[in-house]
Each structure stands twice: as C-alpha cells, then as structure tokens.
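One chain, chain A, appears in both complexes that follow, with chain B as partner in the first and chain C in the second.
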Partner chain A sequence: MSGWIIKGLKSGVVSTHYPDGGENAQGVSPGLPSPAGGVGVDTPIGRCPTSALKAKDGGAALDKFRCVHCHRCDRNVEPTIPWDSSYEWAEKRGKTPELPKAFQRSTHIRVLDAGDCGACLNEMKLLNNPFYNMHRLGFFITPTPRQADLLVVLGPVADHMKTALLKAYEAMPAPKKVMSVGTCSATGGVFEDGFMTSTKLEDIIPVDVVVPGCPPPPLAILHGLLLVTGREDEIRSDATARPAADSSGKEAGDA
Partner chain B sequence: MSDDMMEQIKKLCPKTRVKTDKRSGDVEFLCDRASTPRVCQCLAEDHDFQFAGLVVEERKEWELNYIFSGVTPNGRAVVKTKAPLDDREFESVSVLVHAADWHEREAEDLFGLVFKGHPRLGDFILHDDVWQEGVEPMRRAFKPETALSSREPRDGWRPRKIVDVPGGFIMPIGPVFSGDAESVHFQLETIGEEVMYAFPRLFFKYRGVEKIVEGRSAEDALLLVERFAGTTAFSHALAFSMAVERLAKADIPERAKFLRVFLAELERFRSHLSTINAICASTGLAVGASQTAILEEKALRISGALTGHRYLFGLAALGGLTRDFDKIALHTALDGVADVLDEAGRVENLLVNTSSFLDRLEEVGAIERDQAVLHGLVGPVARASGYLRDLRETQPYAAYDKCGFKSVGEVEGDGYARLRVLFREIERSVEMMKRVVAELPDGPCYSPVSFAKGAAFAGVETPRGAAWHWVRMDKNGKIERCRLATPSFTNWHGFHLAAENFAFQDFPIILATFGLSVAENDR
Partner chain C sequence: MPNDTIIFASIFGGCALGALLATVLKGKAMRVAWAGFGCLASIAMLALGVGGVFAESARHIPLWTVPHVGPVSFSVDHLSGFFLIVTALVAIPAMIFAAATTSDEKARKTPLAPLSLVLLASVALVILAADVFLFIVAWEVMSILIYLLACGGPKERPGYLMLAVGETGTLAVLVALLLLGSHAGSLSFQAIQASSAGLSATLVEVVFALTFLGFGVKAGLIPLNFWLPEAYTAIPSPIMPFVAGATLNLGLYGIMRSNMYFLPTTFAGPGVCMLLVGAVTALIGILYATIADDFKTLLAHSSIENAGIITTAFGAGMIFLSAGHKAAAAMALIAALYHLLNHSIFKTLLFMGAGTLERSANTRSLDEMGGLLKRMPWTGLFVLVGALSISAMPPFNGFVSEWLTIESLLRSVELSSMGLKMVFVAAGAAIMLTAGLAVTCFVRAFAMSFLGISRSEKAANASETNRAALSTMAAVAVICFVLGVVPTFAIPALDRVVAPVAGASGSTALVPTFFHPDTDKLPKKFTAEFHDLGAQIGKDAIPARGMVVMHRGGKKNPVVFAMSTPYMFVMLVVLLAALVLIVRLATKNRKVSRRPRWDGGVRRFLPEMTYTATGFAQPVRVLFEAIFRPKVSDRRESIAQHFRMSIQRKREEIHLIDRLILYPLAKATKAVAAVFAKMHNGRINAYAVYALLALIIFLAIAAAL
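Our next item is the complex of A and B:
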C-alpha cells in the first residue's frame, strides 16, 4: 500500500491554475476558427459542412455553436481561416434566477448522457482527474437527480432518451439549473437532420448555459460550470488572454 | 480458399455461384436461401472463419450478405443470398452460427425481415414504447425527414421476468445510473446478493447513423462516421475511408499508410489507458484511479498537441490524411507516449502487488475460449480468453505488414487477464509508433480518390476489436448503403457470459473490464 502513497506524493500538484490564470499547456483544447477580418474567404466558407462559417461583411463569421472542429476550413484549402486555442466558449441563455449563494460554492451535478458519442462524456469525466480537479472548486457529481442542483446534458437527445431526460429533470428539486454540453446538444451538430434525435436541448427543457465544442475540452466545461453557478467573477481576466496557435500543420500535399 | 472448402460448399448448395475478387482475394458465395445457414456454419465451424457482420440491402431484390473473416490475409468471405422484395422470409443463420444472433434481430427490427427459427425477435433497436409499430426506418421507403406521428414517449415496455425461484426478482439499473456512465439499461436477475444473470437493454442512444448518411457524399458521411463513437473516432473513420478507397481501387501513398498506423496506435494507447482507469475506479482503488487518469489526460494532450484534436477528429481523409506531421512533432509525441508508458509500467507494478485490487479482478467475469469463439467475440476481451484474433495480424492493412505486428493474449479470460492484455497492448502500440517514425517514407500523405459505383467493405482493428464498414455508392457518388458493424455491438452480445452468477458488488468491475462503448454499439 505504501507504494501508492509514494506514487501519489511523487505526482505532486498537477492541477491547472484555471480559473486563477490561463492554462497554456499544449493539447488542452482543439481551439476554434477565428475568422477576424479576412477577405476572399468564400472557398473555406463553402467547405464548412455545418454552416458554422458564414459570410459577413465581405469576410467570414463563426457560429461557434455549430463548429465541429473538422478543420475543413484550414487544411488543403486556400485561403485558410486562422484558428485560436481558446476554450472559454460557454454562454448564458436562460433568465432563471441565480442559485442561492449556498449552492454556488457546493454544486451537485447529475450528468446525463442523452446520446453522446462518448467524447463529451469522457471530457466531463476527466474534470474529476487531478489535472482539473473540479472538487477544489466545489463541483461534485451525484448519481441521483434528487440531490442534484445542476443537470448537465450531453449528446443530441436521442428519442429513446427523452423520457429518461424528462424524468431526471422533473426529479430535481428547485432551484435547478441546466447546462448543455457539446455541439450536438447545442444545435444538433452532425445529427442536425437526424430522424431519431432532437435538434437541440433547448427545445425540450429550459437551458441556462450552453457549452459548444465537439467535444468541449474539460476547461470549456469548467468555464460553463462557473457561468451556470454565477461565479464568473472568479475568472481572472488574464485567464482568457491566450496566444493564437498554429494547429493547421502543413498541407497534406507537401512534406 | 482451400479446395476442400469449395467442395464442401458445393455439396451443401450445388447451385452456389462463386466469385473471387482478383484485387482483394475476397470470395463471395451466392447461395439459395435454404442452404445459406449451412454454408455459413461450414465456414465458421470447419474452416475457422469468424462471423463479422450481416449487411442487408434493399435493392432490386433483398440481398443479405453474411461477412466472414478468416485467418489469412485473403481470408474474407461473403455468403450472399437473395429474395424478391415482396418476400421477406429467410432461414435464420443464427440458429447455427450464434454470433449472427443480434445482426438478425437488428435486420428484423429495422428492415422488417423475418428470420425463421430465430429464438428471440422483437423489441431491440427500436424501443416499443417510443417507436411506431410497423415503421421500418432502414427501408428505402422511409424518409428520414418525414416526421413520425408517435415521437412522444409513452409507457409500454415492461421487463421480462425469467427467474423462477422463491425470492427471485429483477433489479433494473439505468438507463441513467452511476456518476458518469453511458446510457444503457440492465436487468439483473437476482435472489439478493447473488446475481444469476445480467441482460443489457441497449439502443437508448440509437441515432440512426446508417440511415442519415444515405444520399450523402462520402466526405459528408465521413463526418458522422467519425462522430458516432467519439472515443474511437479515428479507427472508424479509417475503416470507412478504406472501404471507399477499395471501391475506388485507389492506391494510398505509403507515407499515409504509415501515419495511419501511428494515429491508430495513438488512439489505442489512449483508449486502453482510459479503460485501465475505469477498471481502477470500479474497484474503488482511488490512488490507482487518479494515477491512471493523469496518464489518460497526458495521452489526450499529446494527441491534441500533435494533431489539433484530443480525440483525433478531422484527420482521416478519403485517400490518406488531411494533414502531414513533421519529424520534430512526431518525435515529441513519441517521447511523450514513451514517458507515459514508463509511468504506466510503474502503475502496473503497484497494481499487481495490491492484493485487495487483484482479489476483485481474479476469476471475476471469466469467459471460456469456446464461448468467446461461439459468440465471435473480438478485441482485448476475446484475446484475454485465448481467442487470438487481431486484424492487424490476420489481415494487415495500412502499413501493419511492414511494422511486423504480433498480437498478444492471455488464457484465463477473467477480469485480470483482460487488464493484462490492455497493458501488453499499450506496449505494442508504442512499439508500432516507434517503427513508424523510424521507417516513415517521404512523399505526400494524400492523393485524391475518384469515386466508383458499387460496394466494398473493410475491416479495422479498433481499440475495442474488429470493426467492419460496408459502403455502397451510387453512380452520383452518393452513399446508397452504409453498414457499421462495431466491436461493441459484437461484444455486448457476449456480455451476459461474463455476468452470470456473480456477487452484486462485482457488476461495475465486470462492466469496466469489458471496456465497451454504448455509443459505438447504438450507432
């Protein structure tokens, strides 16, 4: 047993500084296209399969709730849309009152997989790991909706999951909050035209915060958790300033 | 294909028409309906073929393709049978080849076919309490955009009761259960502490991917094929790309083949670490769980830093890869995974010396080899039971033949054997990645594919086992039929083997050592 203690101690503190500061480690986020300005970008706009990129003022604009990080706008296309390495993507939606102060610092979450591909759920699971350690910020996963303050829904809400979703939502005591995680539950994502799925979670139950991403990395979900519990003032402003990264790599044709 | 096999099949079905594809060596046996089950049985029992999947196509006639995978590089066989569209009755193959069981249930549910002699049909993929009776979504006539009248959930489904002993009852679990589990329902038949059987009820997450991609271009379909099972996205995108490339008779640049091996092994490395983490967590070993979670996150960051996506989305392309990687980036990634592997080795050392941990895995959820064969199990689960099938070895694709891959296995078939297979396989994965970096040829990693009409299929050894993708394209380059036979579908079918007569508290452990994905099964 002592081996485990030594192993644990050796690992030291690996937790991210976020939200006390930005997280600059490589590979924590896929980033998003950030088509600021730019002219003559019709070709990459035309290649976007989910209409996340739209023409605007002669350039392009991104609807981040539709982007699935497919990189068709910056690989093997001319010109390319530049990408950033951001992760603070969550946005508030509902006008439901803030959770009472007591719940803000200790929030119990029921995670509900409504048909996700496994990636969103895995990123959610990883919030428990020592790198992100959401416990330090007072977020706990609970198995029962009856003890949950917050419902986190992932996936495009498959028809077969609708009953379970509604039952879980109804079983939660008030005041309750709902957060939608991932592009699928935000806009349907790649399942938008599906016949066995709902287009978005907001059509079914009231949603307070939407976190886009395919999948949103743990930090993006953490950002959403801080928003949904009314704790955005804990995010230090320098946490958001991050440099742009080159995620496009070389063109596949050269090398 | 051996001569005596041909002879045997001719005897079983004298009218069999045999077609051999020169390029791939695949053999097709066109049989009549009555003898199809016997021909399938002959392949499975006498010639060591493994049932890989059933592909139903509604064309001018019904066409049923039972796909089999053998042990030689040219070891793919298809037993095909046809019937007029107004006649939906077939002899059930699963009576003789049990591995085909769920494939026929699925075809009954989604196409409305009847399999005579099949012991259990009905509520399977389409749940009776949600879906409208008599509507078959995979039929040509069903249009996805048509709104269905009964999309509102209603009450209706009730669990079957089988246990017939005093005090016996069924304990339902799910679909929403545990902290962060995927949605699936279980019925545990129990008399208290002891559970006699555990049956999964799946397809809560059925999203109809195979139907949605119909009528789309292969490139658009790729987006969905990559995103229906996100934890093994690259492997599925690869299988789909390979099927399309085979159809187009396209030659893929050598560099792309090697890099595909690199990425597929990186995915396996990360996926196996995730399963190992789940096993530690299921036994309540907190330090082990957090230590392995650190390793999983490191593997994700290495993937993200190298490719731009933590789960390797957006990399596979029809004709190669969407991007190349330079030497420095590949070496950095390789150094990273080698460090993680060292760490994993140290963690394994601690695990095998923690008796409280081993006690919970040894002899738990054991599956005998002959049961694994009967159910056609795949992946680490099968290999832990001594059923050593690995497509990277039996039917090498991409550059596996040049990387000298050798499969690993164990014999006990219990939870501990499955854990050891996972550890051995991540070692192999890093070896493969090293080979790729050492031998990577120069040149492009993409060459455009000109689409061809017709059908083709390809198999890939995904982290959870063999996946088979079947693609038929029409003359406009649109998908006419796409079939995704996944390892989770195959192995969920055998899950009950590991979940018989066990103590209730072992259930999460058995689940974790199976390492299955519900999304990959449900599609």
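Our next item is the complex of A and C:
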C-alpha cells in the first residue's frame, strides 16, 4: 500500500528547476533554426513549407511564429544551420494592464481547443505532470470561463469554433488575459490558407502573449504563462542549470 | 340539543342543498353555491370538532333505529373531533380552490361540484358514525364517490383498480368489525369499546390483521397501495387537494380508532407490525416519489411516504403503551396526530400547486416544465412553502412533527426488550433515510418545475392562475407556517386526544423533573412556566402560550430535548437579515457586470440541454438500483451489420410491490384459470356429463342431509 509513498520519497524531486534555472534535459525543446547564428545565403528558403524563412539582407531571416520545426531547411545543407535549442519563445503583445497582484500567483486557466490537431493540447496536458508541474507555480485549469483569469487558445480557430471562442471570452470576468499557444493560433500555421479557417486569433480577440512552436514544448508554454501573469522577474534562466546530457533537440523534430 | 340540529343540518343539509344547487345552476352561480355550501359544512364540522376535542367525554347522539340492524348513532369524541378539525381545515380552502379552478367545460362534462360536496358529507359521516352499520355505509359511499371522480378521466383502469382493491379492504374491515360486534353483542362502537378488554389474544390478532390490512388500503400502506398513484393522477385536479388531504386520513382514522379504542392496548404485536410496515412504506414511498416524472404521481408516492411515517409514529406509541411507558406513548401518539394534521395541510397545498401547474403549463411532466417561477411567481412561492414543509424544514410545520416522531423513536432506549429495541432501530433508520430522501425529492420537484429555463413550449407560455385560487393557496401556506412556528398551541389540543388513551398527559409528564411544578427547589413562579409539553418560557415576553417544546427521557436516559420553533424562526430571520446586510455592505463598491450564461460555447443553446428532472433523479436511481431493478433494453440499428446508425435504450421500472406481489399473484391466478378453462372444451356431451355429475352430487348431499 505504502509502496508508492516510499518510491516517491526515494526518487526525490524530479520536477524541472525552471524558472529558477535553465532546463537542459534531453528533448525538452524541438528548437528553432537560429537567425542569430546567421542563416546562410545558400539557405534553401523555398523549402520552407510555412514561409517561415524570408530573404533578408542577402541572407535569410526566421519568423519564429511560423516555423514548424520540420528541419527541411536544415537537410543536406552545408554549412549546417545553427539550431537554437532554447524554449523561451513567448512574446508579449498588446498593452492590456497587468493582472492584479492577487491573481498573479494563483491563476485559473480555461484551455480552449479552437480546432487544434491535438499536439498543443498534449503539450498543455504535460504541464500537469510531475516533471513540469505547473501547480507549484500557481497555475490551475478550470473548466468554466466564469472562474478563469486566463484564456489559453490552441489551434487555428476553425470557423466552427469561433462562436465558442467568442462566447468563452465574453463569459470571462475582468481582469482577463488571453494567451495564444502554437503556430496555428499565432499565424494560422500550416492551416493558414485552409478551407476551415478565415482569420487568426489576434484578429478576433485581443491577445496578450503569443507562444510559437508546433507544438510549443511545455517549457515554452510555461514561459508564456509567466509572461502573461507578469512574472518575468521570476525567470532566472542564467542560474545554474541542472546538469544533463547534451541537448541537440534535433531528434524531437526530425522529419 | 338544538345546537346539534343546527350543526348537523349545516353539514349534511348544506352539502345536499349545495349539491342540488350546483347541479341546477351554471357558471358563476354554480361556483358560489359550491364554495359557499362547502365552506358552510366545513365550518360546522370545525365547530363540532373543536367541541369534541375540548369536551370532557364522548358525546353520543342516537339517530334512529333501522329495522333488522338496530339503532344507528353518531358520536363525537376526542379522536373524531380531531379528524373533523383536520377535514374542515382542508375542506374550506380546498372547496374554494375547486370552485375557482374548475372550468365551465369541465363542470359540464363531470358533475364535480355535487360529487365533491357529497364526498365531503360522506367523509363527515365516516368520522361521526358510531356503529358498524353506519360506518360501513358511509365508507362505501365515500369509496364509490372517489371511484366516480377517478372515472372522470380518460382512462377507466385507475377507477376500477381503486374500487377493486378498496372493496377488498372494506370486506376485511367488515369481517373484523362484525367479529368485534359479535363478541360485544352489539354493533355500536360504544359497546365494542366497552368489551375490548375481554378479547382473546387470537381474536385481537385476527381483528388487528384484518383492520390494518383493510384500512391500510385507504391509507396507502404496503402492500395494497398500488392503486393510489394511478387514482391520484386520474382524479380531476380541482378536487384532488381535497381528496388527498381528507380521504387518505380516513384509512389512518380507521387504524387509530380500532387500535386505540376497539382493541386492548396491552399487546405489543400490533405496534411492532405497524412500526415496521410504516417504516417500509415510508421508505418505498419516498424512493418512488424521488424518481417520478409526473408531478401528481410524485405527490401520490409522497402521500404514501407520509402515511408510512404517521403509521410508524402511531405504532411506536402503541408499543410504548403496551410496555407501560405512558409518557413516551403519549408523545409518539402526539407526533403521529401532528404529522397527520400537517401532512393533510401541506399535501393539500402541494396538490393545489400541482393542479395549477397542470392547468397553466398544460403538462404534468417535470421534464417538460422549468422556469415557471418567472411566469407564476405566487404559485411558485406557495409550492415552495409546501415543499419546505413536506421536507421538514423549519420554520414550517413538517419540521415539528418529524422532529417529534424521530425523538419519540429515540425514546426506545427505555424499553427493556432487546428485540423491540432492534425493531425501533431499524424503523428509525428507515425513517431518517426517508426524511433525507424527502428533501432530495422536493428540491427536485420545486427546482425542476420552477427554476432554470422552460424545457417546453407549453411551459414557456404558462400564465399565473386566478386570484381566488391563489388566495386559497396563500391561506393554506399560512397554516403551514403557523403550525410550524407555534406548535405549542396545537400540542395541548392533541394531548387532549391522546391522554385518555395513553393514560398520561404527553405534556406534563415530559417536563424535566427539576422544572416540575411540584418541586420546591425552584421558586414557584418559575416552575409554573413548565407545566406542559409546550413549556411556557417567555410567557412574560410574549403574552401567549409557551414557546418551547421540551421533553425529557426516562430514567435510563435523563436527557432533556428542547426545541423552540418561534425562537428558531426569530433567529432565522435575524441571521438571514444580517447575512443580507453583510453581503450588501461587503459588495457595496463592487462593479457588477452581466454577461450571458455560459452554455459551454454551443452555437444554439437548447432547453433540453439543461439538467432535466430525470437527470436529477439519476443518482438516486443508481444508488437504489437494487430496489428499482429497472429493465433496460437496448435496440441497435445498423447497416450491413457494421455501421451503427442508432442505439435506443428503453428503461422500464416496475414498482416493487407489482414485481414482488402482484405479478406472481396474477400469474398464479391465470394458471388456475387455465386449468379450469380446459373444462370448457365446447363439446356438448362433456357439458351433459357435468350437469349429470352436479345433479348426482346434489342428490347425494340432499340424501345425506
């Protein structure tokens, strides 16, 4: 009966140190082609299926809100494109006021699947597991928007989910925040010109934070959550990271 | 006495004249005659009843002598006085309600007014009858009138069923009363009562079994209560409040009359039987009430439940009496009578509400109602009062009587027999479970009809009923409230009814010894306040009777239980007001924003998507699956065996009694009939043989004699 208690005590703390330190366990991020490393002139821009790569200054620039980590740009190219295996991709948008102090450390989230393929939802779900454990940071999932402070939208907002999205946003009491998770809800992603989507999330309701990635790894979502609740100062990625094996991140996104 | 003449003339003459006028007149005049003469008769009954309860001894009024039968007479004693009061309290508002809600068309189709007035007179006759002949005649008249009322509906089955089962009961009662009469050598109740002490144990058992079974039919006790839900739904709703409030009582009247007066109170057997049957009836009744979809069926099952509770309390009283615990007996009997009174009142109210709902929303199905509070606020308020009363919530009357019932069941610790104690424990557990389920049942009944959104077109177009009907409901609701807040006024009157039988006053005997007026440890002025069950604490503050109901246990558990509904009511008001005030203050600076309801984000929100009555009862269905034993059958439709198009699930609940008793009985009867059917083979020579055989047998018998 008490076997699981003893096992639990033996294994100690397995949760990630993030945001107290960086996390470099293997496979925590699929990574992005790094523009900082300089995407070469001979980068095959045309290969990119989502037009994430654009010609710029004779080289190429990456729109990280479009990249789906497919590695097509990276295949059989010399020299290889530098790959950034970080995960702090979220960016703030909009100028809605910060959440009041009382809500920042206890935030209730309504997750709205607006037609996602299941990948983002899966990563969202991982935040509940012992490794990412978002409860330790005061994030909770709630089924009803009436109790939610934050609306997390996944997927390209299919036409059929638009009503539901608007209703959920309407039903939330102020102060409320919206976070867009995944390439699809940021730009439409691979569904951009699809027959069942007409516009991206930011055109429908005001968005506060956008998390790119297809799907964004749990840590990227966690980063977004910290940004959207105004808790950037808690993130200390520069602190000592947990020692881990070399993370290439490549295997996660290998097509 | 001229007084009696006037009263009896008002009761029976009033009903007859009213019935006559109501047949002749039409429209408004008919209504006025109906309500007016109904009220006149009821008020006369009230006067007679009050006189009976407060008189020192029973009053016998010989009428005339019927050839071959003997003298017939009326009598008014404490018990019949009490039942007259209950009937009158129910009849006054119920008759006005009936007159106010019967449509002209309905009145033309069924002669509701004359039937109901004659029914009122027959109820009075049953209560007043003081000999077997008159009693049985009155009983039969009443049964036939209810049958006629039940036949007014579209179906014939409920009426026939009721009559068939009812006649079985009447026969049993008749046999029992004749047995008693032959023992006493007279058919008058007075003689039967006088000779009760000399009954042999076997005769007591037989008479008890027959009367309990026979009167139990009318009271709705198991096993012969399956007619009740069907008949209650078939009887037209204007007259239903009266039928529910007044006629179910008569079964209990019969049980009480025979056990308190006709049979010696020295045997524990009848009490144990009543206790157990009552508890089981209560539990089964409330279980089926909780899952019923039809509002009237729900109320019918709840009547069964309440009859069970009353019988339990009464049985407990009889057990205490046989064991010599007079004070406890008095208290249990008071609880039984008080619950009977309360049940009549709130069931009348609830049936008025159900009738109004049926008329306005044009449906009886709870699944099809919803959201009616917005359209029928007053009806909603009164039904809420009824629902709170019946689920034993303070400050309404159901709370007091159920509290007294459960307290008196707890007094069983004083009994010496271990077996009896176990019986009490079982019955007490069943009654408490019943009380809990009753809350579920009536939360469901009220919420599913009045709250939420309308789940059907009919409910969405409902409108409030007329003023006269509303004011009768208001009057009954007020009675519920008054009986719940100042029970200390009613209890001494009930004490007068039970004290002669119990041999002790439930009031005085139950005051804690250290407060007893005879004690010299406390100042006389102080102890003077404690001289009955309604202890007079606070007499100086409020110039009325005492406001605390208190009683103590016996030597073995000298605990004092006290309850004060008036103070509780005051506290409730104060606390609620304080709560409202605090919330107001705390949220004074709060901004309120209103948004549409959260419906899960569906495109079109349909009423059927909300919680239905069936859904609300599902937990109870699942918990008590072992009792309900539903028959679930699935029908699957598929194309080419692989592509499932639909699954239809049908769920059928056959009532426990039907399943365990009636169906096997019917099967056995059919099997016997099948054997006899073989004799009817249609061959003429076979019939000739039968005739010949019959002749030979006859001749043989004749020769032998």
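Methods note: the second predicted complex is superposed on the first by the 224 of 255 C-alpha atoms of A that agree within 3 Å, B and C clash if a C-alpha of one lies under 4 Å from a C-alpha of the other, contacts with A are read in each partner's own complex, and residues count from 1 in each chain.
One rule holds for everything that comes next: a contact is a pair of C-beta atoms (placed from the backbone, for glycine too) under 8 Å apart; a residue touches a chain by one contact, two chains touch by 3 or more.
These numbers were taken from a predicted model, which means no experiment stands behind them.
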Clash or fit: chain B and chain C on chain A? clash
For A:R146, select first, second, both or neither according to whether it touches chain B, chain C, the two together, or no partner. second
With both complexes overlaid on chain A, does A:G189 touch chain B (first), chain C (second), both or neither? first
Kindly classify A:K7 by the partners it touches after superposition: chain B alone (first), chain C alone (second), both, or neither? first
When the two structures are overlaid on chain A, which partner does A:A164 contact: first (chain B), second (chain C), both, or neither? both
State whether chain B or chain C is in contact with more residues of chain A in the superposed arrangement. B
Could you look at A:A174 and tell me whether it touches chain B, chain C, both or neither (first, second, both, neither)? second
Now for A:P100: first (chain B), second (chain C), both, or neither, which partner does it touch? neither
A:D116 contacts which: chain B (first), chain C (second), both, neither? first
With the two structures fitted on A, what stretch of chain C runs into chain B, 638-646, 656-664 or 692-700? 638-646
Residue by residue on chain A, keep only those touching chain B in one complex and chain C in the other, then list them. 145, 163-164, 168
Interface residues, chain A side, partner chain B - complex: 1, 3-5, 7-8, 11, 14, 25-31, 49, 68-72, 75-76, 83, 110-126, 128-131, 141-143, 145, 155-156, 158-164, 166, 168, 189-191, 193-197, 214-215, 217, 247-255
Show which residues of chain A lie in contact with chain C when the two form their complex. 144-146, 163-165, 167-168, 170-171, 173-174
In their complex, what parts of chain C are in touch with chain A? 593, 595-596, 598-603
Contact set on chain B toward chain A in their complex: 127, 129-131, 137, 144-146, 148, 151, 153, 175-183, 203-208, 211-212, 220, 223-224, 227-231, 233, 255, 274, 287-288, 290-291, 293-294, 296-297, 300-311, 313-314, 317, 320-326, 329, 346-347, 349-350, 353-354, 442-446, 517-520, 522
